[in-house]
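In the two complexes below, chain A is the common chain; its partner is chain B in one and chain C in the other.
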Partner chain A sequence: MNKETYRKRVSGMLPAGFLILVMLPLLLLPLASVFIYALKGGLPKFASYLVTRDVLFALRFSVIIAFVTAGINTVLGTYAAYVLSKTRFPGREQLSIILSLPVAIPNVVVGTSLLLLWGPIGLFGQILGPLGIQPMFTAAGVLLAHIFVTFPYMLGTIKPVLDDLQTTYEEAAYTIGASRWQAFRYIIFPALKGGLLTGALLTFAHSLGEFGATVMVSGNLRLRTQTAPLYIFSQFEGGNIEAANSVAAILAVVSFILFSLILYFAGRTRIKEERR
Partner chain B sequence: MAMVIEQISKRYGELCVVDRASLDVSDGELVVLLGSSGSGKSTILRMIAGLAVPDEGRILLNGRDITRLPPQQRGMGFVFQNYSIFPHMTVAENIEFGLKIRNVPVSQRQARREYLLGLVDLYGMGPRYSSQLSGGQQQRVALARSLAYEPPVLLLDEPFGAIDAKTRIQLRQSLKKIVKEVGVTTMMVTHDQEEAFELADRVAIVNKGCIEQYGFPNDVYYSPSTQFTADFVGDINFFEGSVLDSSGECCEIELFEGIPVYRRGRYPFQQGQRVLYGVRPEQIRVSLLEPENYENGINGTIEKSMFLGDITRYSIRLADNRLLDVQVLNYLFIDGMVMPYELNEKVWLIWSQGSGIILADEAHPAFVSNL
Partner chain C sequence: MMANSSLLCSRYGLLLRIALSSLILALIIWTVWPLLPFGRSRRPQTIVLYGFSIIEPAITKSVFPAFQKKWMAQTGQEVEMIASFAGSGTVTNQLIMGVPAELAILSTGLDAARLSESGTINGETWKLLPYGGVINRSPFVILVRPGNPKKIHDFSDLTRPGIRIVHPDPFTSGAANWAIIAEYGSAVRQPDADPDAGRSMLLGIWRNVVAQAGSGRAVRTQFDNGFGDALITYEQDALWSHSHGSAPFEIIYPHSTILSEHTLVVIDRNISEKRKELVQAFVDFLWSEEAQRLFVENGFRSVDEKLNSANRSFGYIADPFFIGDFGGWQQAKRTIIDEIWKNRVLKELRP
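Right, the complex of A and B next:
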């Protein structure tokens, strides 16, 4: 390799090197430290932290909540995206902004507002209380918070796909004789498949890691409403850092897998779009 | 099936897109709506398909009022300008889609699909996706898909709009052959007058939401009823004039500077009435000799010459300083029948007294135009 080639190669690598240098303390080292601390006492100890009753409950509860949230928001988000993209009514733009607000509002504020609405002193809470229904500090409350917080992710994934989907596909289906449902089932839905999967995974991942709203509405009750992030927080507060890091490491791995899948499906959808 | 459109109108807010349009289409006829962009022709087609609802008027299919029926219940065949081939379905699935939702048995669907693939000359392409097809092939798939369920009327919205010129000519010919073979009543929208004349049994000229003229291509071209139609369907030189005499079998008009021109036929004009006289460039011949007494003629000087392949177009400055366009077939020069004309050469422009159109001058009297 001559001097010129060497210099070119080095100068080509400089921007990437600088990026890694900046990102190292911001992203990579904190992530690495989670694994370092989690595995500090060796693998057997790491495993022992994960099989306690509290951890197993928190992980299982988090996964169930994330799964149900993703399911509900897949339906709700797709419906909202369809209404906002394919129908025309006054205030459509404003509604679109309102439905995307949960991304902009701090999750703690979301939790507080839910508490104020559904809690014992809230509007709904006062109506439901005498009937023996109290969603706050229960799994239902956690689910409500997660649906609220993650709603824009599905909407944000599906709406652009629907916006780009030419109206004439739907119109072609109608002229051919398809009903609205048949047009959705045979024409629109197949076009949304990639987006639905990406949106569902995104919702699932965000729900799995949700903390701010959950801590407000769940009461952080162990073995009842404690999700994995709340467990990590509680263990940190109690000084049990290795136990906290073990669960954090598991969440980080799951998140990594989920985001790899999201990128994969998003990439596949983009390629399909380009082929059209 | 025969179709009648009675006085349909469509408004979007203050904007009137279609204004009391009426058409009658006979069974098996191919009618072309010809108009410029934004003239309302596609909206008429969409109202027939049920994709837009008229604010006024009726649409009758074989005598049945379908004005308020949703598109699903009309079952029209519709070919969109962008074809709208469903990208996640193969060609075969696209063609069979209309039959599938009508619960036609698989064996019948397959038989119909194979017939249609043969009809549109895409035999063996059933397993392909739209991304693997050219624009022309996609257009054929769209046609086959819309014919699959034997629609009462086939509607084509600028079907050749996105196709290159050469393929367009081939597709035009095959489209006419296919729709005539199938015998389906067809209505097509285009802004291309050549396309309209080649395909249409009858042509409707659409302007600002109104049907300006509806008739056979020959009549629309040679006997346009409005200045817009005359101008839209081909090049034409228009002159302002006044009627000298239209009492007999020939109408005499005085053009600028007292030049008289004659047009054979009976016309309902009064003596002295202001009129527009139009003559198409290809109806005029250029000559160094004076016209015979049975011909019309004006002299002028060749100012501009444009070679356009099969023709040469001359712009000729007339005595009163107006320009008039004529075109001469180039093979006449090549075969030595006519000597090419030089710039600034003084020539006669001669045309038959059987050609030219006369329209009442409803615009302001100072109107004078040429191309």
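Right, the complex of A and C next:
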């Protein structure tokens, strides 16, 4: 009897064991090497790499950009999802595809295209330049890149929820004289809460780790426009592998926490929906 | 029972919610702390500098701190450097796109010329600076694995089949452009060189290039991580990493090699009127004896020959040459890099 359950348990764990075995060289060991290199010189050394002015600035700058990006894209993404889901107009499908493209375009291309639009030779750049406005290579440039790159995450989280939302409640609200805003505020918004949180966290996490577009538009200036991933890259290029990996380890831990939260909120939304 | 469990659940949920929101609040406060009026100290004056990759430690760890001290003693003001370092070509592209650099230290005069062609600076202004804008030099050497297992003693040995070379990328790195001129020059400067010697040297070496990286610094990181048998780079980078505990390697001094000349460019349009004095003071300081001695300590060869005896680790080069020997960068770029390396060697390798 006991032997039987033991065997069942082992055979139940086999698929997971196989998965870990396959993922070991692909994902788990590379991740582990980040921590191994970060902690190579011991904990005090690890901490000393993290408390330099450059690192503290880079982490702060990354977090601020991620907060603002998440804030802006929560509003923009929700609005886009609402328009694409609840209104009908020609080209709606195509627009929805175009708005999801940033996940597929290489981020470097996003960076160069922003430079070509806002930079000194670009369309906007030529208009703004004489006015003394140059958004590229400033925090504003980094923000523009992050909004572009992370836009689809909010849209992608909210739109399916809106698509599945029964229209009956909304219609009922209209029949008793609710305005569009009231219907949104009291009917749609409560259903979206979980999705909003998930989408915002997802946007935040992606913004925190964004590299390809940022490296093109930030100018990579320490204490001015250097984000945490850019710091990691310059340190690694400069051969300071431990310093690079210390910051990378922090980002990895933060991402782990963020994605745990995302899973938690996504799970809760599902439970709520099933209860309804 | 049911009510009990949901009570428990909600109490647990409440705790979680409090913990979570205080965590987020703490994160926000930590993030914006320096922006708050009481968290911020007085902002010092700044100099914004973009530099090619290997100049970084010399500037940020010795030359600039020395200037900081001097400026403090002279004026009582704090000054801080905001800097970014990458391959010389990458830096030049960033400057052309409009990064707010006040000073740039470029690996080659070629990149400086691109700045004047694009209108980033008003003409060839660096030529008006002391030594034509050159702040220091470094001969190009070959790094090999400990014990020199492949018996590499000169550039010509790099053309042997089976040698794996890591090389910086000529499209983004100044080091790569210097290396190409060094390889070419070492062949054509031999007394019995035939007219095709330069091209066949480049062809032989580039056939053996197994990996490229974007800057002199990045390519050394690649070499340090075990790629390749040989690396062609600045003597300074080799000496500097020797003294900073990198993986062991040996430096091979070729019979003939080029001395690179690193150029300072002042980006006048980015310097506001009230910063002019400070930037000019730093520019002057770079050619002062104090700064030049610091460059020598960091493994660069000074423009002032008599200071170079201070660094005992500098190797002997039988036949050093300069870019001037090939008619300057403009001509060398056209006749060697474009006509021979790009249009012939690369095409023969990858037709």
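FYI, the second predicted complex is superposed on the first by the 264 of 276 C-alpha atoms of A that agree within 3 Å, B and C clash if a C-alpha of one lies under 4 Å from a C-alpha of the other, contacts with A are read in each partner's own complex, and residues count from 1 in each chain.
As a working rule, a contact is a pair of C-beta atoms (placed from the backbone, for glycine too) under 8 Å apart; a residue touches a chain by one contact, two chains touch by 3 or more.
Predicted, not measured: the structure shown is a model, and the values here were computed from it.
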**OP:** Judging by the criteria at the top, classify the pair chain B and chain C on chain A as clash or fit.
**Re:** fit
Original post:
Does chain B (first) or chain C (second) touch A:67, or do both, or does neither?
Top reply: second
Subject >> After the two structures are overlaid on chain A, angle v-u-w for chain B, chain A, chain C in degrees (C-alpha centres, nearest 10) >> reply: 160
Original post:
Looking at the overlay, does A:186 come into contact with chain B only (first), chain C only (second), both, or neither?
Top reply: first
**OP:** Examine A:262 and indicate which partner it touches, taking first as chain B and second as chain C; both and neither are also allowed.
**Re:** neither
**OP:** Name the contact category of A:177: first (chain B only), second (chain C only), both, or neither.
**Re:** first
**OP:** For A:169, decide between first (touching chain B), second (touching chain C), both and neither.
**Re:** first
**OP:** Applying the touch criterion given at the start, work out whether A:222 contacts chain B, chain C, both or neither, answering first, second, both or neither.
**Re:** second
Original post:
After superposition on the shared chain, which partner residues are touched by A:249: those of chain B (first), chain C (second), both, or neither?
Top reply: neither
Original post:
Nearest CA pair across chain B and chain C in the overlay: distance in Å?
Top reply: 13
Original post:
Once the complexes are superposed, what residues of chain A are shared between the chain B interface and the chain C interface?
Top reply: none
Original post:
Which residues, counting only chain C, touch chain A once they are in their complex?
Top reply: 20, 27-28, 30-32, 34, 48, 53, 56, 80, 82-86, 94, 97-100, 214-215, 217-218, 220-221, 224, 241, 246
Subject >> Residues of chain A touching chain B in the complex >> reply: 166, 168-169, 171-179, 182, 186-187, 190-191, 272, 275-276
**OP:** Under the touch definition given earlier, write down the residues of chain A that touch chain C in their complex.
**Re:** 60, 63-64, 67, 115, 119-120, 134, 136-137, 219-224, 226, 234, 236-239, 261
Original post:
How about chain B: which of its residues touch chain A in the complex?
Top reply: 49-51, 70-72, 74-78, 80, 82, 84, 86-88, 97-98, 101-102, 130-131, 145-146, 149, 155
